[in-house]
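Following are the structures in question.
Below, subunit A partners subunit B and then partners subunit C, in two separate complexes.
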Partner chain A sequence: MIHNSTDVIIKTVARIFIPFIQLYALYVIMHGHYSPGGGFQGGVILGASLILLLITHGERVAMQRISENWITILFSLGVLIYAGIGTLCLFFGGNFLDYGVLAPLLHVSPAAARSLGILGVEIGVGIAVMSVMVSIFYNIARSGPYRNKGTTARRES
Partner chain B sequence: MKSLTIIIVLITGAVLFYGTVDMPDWGDPNSPASRHVSPRYITQTVAETETPNIVTSLLADYRGYDTLGETTVIFGAGMVCILILRSARKREE
Partner chain C sequence: MIDFLYGIGFGLCFLVLVVLYRGIFGPGVYNRIAAVSAVGTKTLIILLIMGFIYNRVDMFIDISMVYALLNFVGTLAAAKYLEMEK
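Moving on to the complex of A and B:
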């Protein structure tokens, strides 16, 4: 059980930083075409911002923002977006993950359709990585022999 | 038994090291990898995908199938954590 921190400095700093971390994560995902970055890196940064919220404000606040069931749904959704875009290409007569054939659907040239296809799968990867990071952290933090030790340790100190 | 394992590991390692002797030098422009598909990726990326970052176009377009596998690996890791840890948590509660 992760509790709400009693330290006002930690909570304030986290509250100020979390929006900027998330904004930066979205920038890393969206700007993967032009600079180092992409779905994996941006997803990890986004996951880190949610983990920061979880360890500073406790489980209850974090789970109000994004519940465990939603995280599970999201990380399936991320892989589904990726595989779905790939399968969509099959329906348009191309190979699996051959985004060029999506051009008539998106009303752009085949090269631009490839660019948009890359963006689509990067978003899928970002969602999957973000929710898997949070899910693994949450599950490891919640289970094990020290699961309920937090309360007693806090009372003793 | 343990010494046999060490001998097998050492022999396998020696064979693998011997195999690296035949590999091309690091970044050799005349190596097969640099002559076969790399020039096409480097010269045609912008024309074919409108993506200035070659790494991204390689990762998500030319080698998109690999990246789908990577995402599935991450998905599998998350799923296994849920299957093992959440069921253990439920049992404790």
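Moving on to the complex of A and C:
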């Protein structure tokens, strides 16, 4: 159980930092094909911002912002976006994750369809990585619904 | 100019080794947290110097910002863990 921090410096720094960290994570995800980064790295930064909120403002505030049910929905959704775009290419006659064949669906040239397809896959990977990071941290930090019931007594002794 | 950057880079690498001694053998947890934080800060500057050497500062500055960010969160998490242990 992580309680609310009593230190005013840490809380203020976290409150100012978290929106900029999330903005930077979106930048890393969106510019994954021009600069270092991409879906995984952006997802890790996005998860780090939520972990920072959990560490500084306590468990209750973090649970109000993003609950464990939402985390479960989000990491299923991320995998669905990734695998869905890949499988959609199969239906259009290409290989798995061959975005060029999506051009008639998106009404753009094949090169632009490849760029958009990579962006969509990276958004899916980013959502999945972010929610899995936060889910692991929730399960370590508290006795959540996914926790093994047998280990609870040993932890509290 | 490039010799100057190489000099600073190797000097910082040597200083990382000096701090690493405190991180491995240092008495107590607080010394180790401070050592890890200092190594992270030096790594950030070394990454920026590598960016200047390769003439691609715009890319290396992204990596170094992520490194600084995760270093901050990691130090805070370690401090929180110590606070809960009490």
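Criterion: the second predicted complex is superposed on the first by the 142 of 157 C-alpha atoms of A that agree within 3 Å, B and C clash if a C-alpha of one lies under 4 Å from a C-alpha of the other, contacts with A are read in each partner's own complex, and residues count from 1 in each chain.
Simple rule for what comes next: contacts are C-beta pairs under 8 Å (C-beta built on N, C-alpha and C of every residue); 3 or more make two chains touch, one makes a residue touch a chain.
Because the structure is a prediction, the values reported are computed rather than measured.
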Discussion item. Looking at A:Leu53, would you say it contacts subunit B, subunit C, both, or neither? Reply first, second, both or neither.
Written reply: neither
Fill in: Contacts of A:Ile2 with subunit B and subunit C, given as first, second, both or neither
second
Item to complete: Using the superposition on chain A described above, determine whether A:Ala62 touches subunit B (first), subunit C (second), both, or neither.
Response: neither
Worksheet item: Who does A:His33 touch here: subunit B (first), subunit C (second), both, or neither?
Response: first
Worksheet item: Which chain makes contact with more of the residues of subunit A, subunit B or else subunit C?
Response: B
Worksheet item: Once the shared chain is lined up, is A:Leu102 touching subunit B (first), subunit C (second), both, or neither of them?
Response: neither
Item to complete: Could you say whether A:Val129 touches subunit B, subunit C, both of them, or neither, answering first, second, both or neither?
Response: first
Fill in: Common interface positions of subunit A, toward subunit B and toward subunit C
35-36
Discussion item. Under the definition above, what is the set of subunit A residues touching subunit B in their complex?
Written reply: 32-36, 38-40, 72, 75-76, 78-79, 82-83, 86, 96-97, 99, 111-112, 114-115, 117-118, 121-122, 124-125, 128-129, 131-132, 135-136, 139-140, 142-143, 147
Item to complete: Using the touch definition up top, name the residues of subunit C that touch subunit A in the complex.
Response: 58-59, 62-63, 65-66, 69-70, 73, 76-77, 80, 84
Discussion item. Give the list of subunit A residues in touch with subunit C in this complex.
Written reply: 2, 5, 10, 21, 24, 28, 35-37, 41, 44-45, 48, 51-52, 55-56
Response to the item:
In the complex, the residues of subunit B that touch subunit A are 47-53, 55-57, 59-61, 64-65, 67-68, 70-72, 74-75, 77-78, 81-82, 85-86, 88-89, 92
